[in-house]
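Here's a structure for you.
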Amino acid sequence: TKEAVIRAMMGVLIFLGYVLLSLFMYAIMRRVMVPQKLHIKPVHLYFHPECQTVGGAADCPFPKAEFLLTMDKRSASIFKMSLTVYPLPPSLFSLSLLSPCFSLSLLPSSSYPQLLSSGQYYHISLQLQAPESPVNAEVGVFMVNITLYTTGQQFLSTSARPAMVKYKSFLLRTLSTIVFAVPLLLGVWSQEQELNVPLYEAYYEPYGDGTISATVSVLNPHVQLYSSTLTIDANFGGLTYYLYQWPVTMTVIVVVSIFISLCTCTLVLWVRDVLRDFDTRRR
Amino acid sequence: TKEAVIRAMMGVLIFLGYVLLSLFMYAIMRRVMVPQKLHIKPVHLYFHPECQTVGGAADCPFPKAEFLLTMDKRSASIFKMSLTVYPLPPSLFSLSLLSPCFSLSLLPSSSYPQLLSSGQYYHISLQLQAPESPVNAEVGVFMVNITLYTTGQQFLSTSARPAMVKYKSFLLRTLSTIVFAVPLLLGVWSQEQELNVPLYEAYYEPYGDGTISATVSVLNPHVQLYSSTLTIDANFGGLTYYLYQWPVTMTVIVVVSIFISLCTCTLVLWVRDVLRDFDTRRR
Amino acid sequence: TKEAVIRAMMGVLIFLGYVLLSLFMYAIMRRVMVPQKLHIKPVHLYFHPECQTVGGAADCPFPKAEFLLTMDKRSASIFKMSLTVYPLPPSLFSLSLLSPCFSLSLLPSSSYPQLLSSGQYYHISLQLQAPESPVNAEVGVFMVNITLYTTGQQFLSTSARPAMVKYKSFLLRTLSTIVFAVPLLLGVWSQEQELNVPLYEAYYEPYGDGTISATVSVLNPHVQLYSSTLTIDANFGGLTYYLYQWPVTMTVIVVVSIFISLCTCTLVLWVRDVLRDFDTRRR
């Protein structure tokens, strides 16, 4: 009976260990498969001073901003400290998921990690704060351009989309100033518009050389802008979508399935051992 | 019993001495690790007179200000009189913190101490007081540039950000003049705007050759400005953040931990001595 | 007993003498260490006539004023009659303060004494009375320059700061004219602004060759100014600050401490004499 008690305890220990292992594996999997959904980056456009002088040259460079699409020093260091988990190609991962005995490989990082995750689709858009000034009204439609680069400033992808400060007639502007006089005078409201310019509906972040930097330019030197922001929003699909959308349900399903596969794996090994034992005894 | 009394007094004296030492060490640590959070420096831009004459040249130098980012003579002398503690690299400091027996090294100062502390992130922004004049409305977007230099006027870092006096339609300006007539006539209110231009969100002050001087320039000679101020605000992170945010709690924690480590250190040395004594006696 | 009475009288006399001496020394110290706080000097700018004609030359010299920063004949003579005390370097002075037996050295003056005291920080600013004219509105930002010279017109220091007549819209000007019509018509009020241009926040007056003369110039020939005044305000620091800010308290403290040090000095000398006397008697 003493042996039975020890065996029962061993069983309980193994059970608990497998539960913990399942939870841990699920945590890693979640970390790897569900990247950060939203990135908001301020875009600091450089308006060339030679165009801004009164009666500036006709052919002057467009307002432009260059920036990195990597995590900055501080958040990168926090990231590294917590866990250096890098996105794996889903083929590799699903293989390891399907295989009953797991093999998780974590790639070490050489430089700062990228903002975008490989194999993921992103919706990229630019938000522009533009005054309802006569200058902007005169400018009319203008193009907004984004170009994405990989390591070594190599071209990756580009997109150009039109934008325009919404037209408001003199009467409408007068009416709106009178109606919103109180918030305007209090400084709560202002005579500006937020233009949302979608640049990519579904930008696919490639494997291998990923997106490292970007340039945003407004293809009209006379546009007046207060500020601009780039929004990068991940479009989750497949398993990632379900993991993001129904976190509780998916946690239960995945943990249970990992646990079952672990148990099956153990059982198979145990049966093999028993059979081998049986064979050697018979000889 | 006489010896016992002397021993008890010695113990009390050592205890008090260690408490004082802990407090002193904490004070030094605080001084070194928590630099001044906010620096506000007036920026006196030099508007070149050849551009300000009626019908000035089209290509004239931009308004510019050069200034030192070191403590001035007076505050520096006060600083030196109180304590010449210089920021140490955190690695060095944490090492000395971790070692049970402390080794604090204070670097002597050769010249005036810098405003910025090494290994610290700073948010740098420029505040501009600009009139709502037709000239500024015509100028539209203009760039504000900051360049930071180390010893020997060597380039360290630069940043350029757009700014613009907020557009107000004629009707809104008229309304606001009528509504705010009383404070405007009394001189309490004025027809101006304060523009806040963030120049760096997180400027990292390097170790070694630090920031000694800076130049700020407005990349449009026609902008009208009443005054401008540079605000440098430290973004505390890690231990410094906790030391700044919860001063009381951290004081207790740190003083107690220093005290315990001092006691442990003493105990270890005492035990070693006792053992050695024991050895020599036995021989 | 006669001798005792004489001795008591001697003691009272010495006591009174020492009190008077303390007061006198304090008065000298105060005179030396606390210079005149405020100096206001009218600045008479010379507007070159060739620039002021309608349609004046584009490149004409700037309005300029040269003046001495010394006391004028009349106040200087009064000063000389009262006491020709010159500022000493603080190191020297504190030494003489610390030594139990005083040694005060007063330097004789060769020429008129300077306005500014050596080793003192000064806030220097220029007040400009400018009309709210369309010419000044068109001028916009203009620079104000001050250059300080020592003996022989040798350059000492310079500073240039921007100034601008505050923008007022047409409506505001109209309103203000209507509202203030009565005082304007009575000549009590006028359509002008006082611009306060800080030129130095902390000008340090050096030892040795001090500031003798200055030139103030407005770096725009088209600015219209009614009058201008230079204000030099001492920023007291250290002992001087306390002497200025709490005159009564400091008087008591300093007089008492001088008195005590005088008494100590006398006592030491007396004890030495007594001992010497004792020695000689014994031989």
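By written order: A, B and C. Residues from 1 in each chain.
Following the convention adopted for this analysis, contacts are C-beta pairs under 8 Å (C-beta built on N, C-alpha and C of every residue); 3 or more make two chains touch, one makes a residue touch a chain.
Please read all numbers here as calculations on a predicted model, not as lab measurements.
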- Message: Suppose a student superposes the Cα atoms of chain A on chain B; what rotation angle should they report, nearest 5 degrees?
- Response: 30
- Query: Counting shared numbers against all numbers at the contact of chain B and chain C, is it over half, same, or under half, different?
  - Reply: different
- Inter-centroid spacing, chain C versus chain A (mean Cα positions, whole Å): 64
- Round to the nearest whole Å and give the separation of the Cα centres of chain B and chain C. 33
- Query: In chain C, what residues contact two or more other chains?
  - Reply: none
- Query: Taking the complex as given, what residues does chain A use to touch chain B?
  - Reply: 42, 44-47, 49, 52-55, 63, 72-74, 131-133, 135, 173-174, 177-178, 181, 184-185, 190-192, 224-227
- Contacts from chain B onto chain A in the complex sit at residues 58, 62, 121, 138-143, 160-162, 164, 166-169, 171-172, 175-176, 179-180, 201-202, 204, 219-222, 237
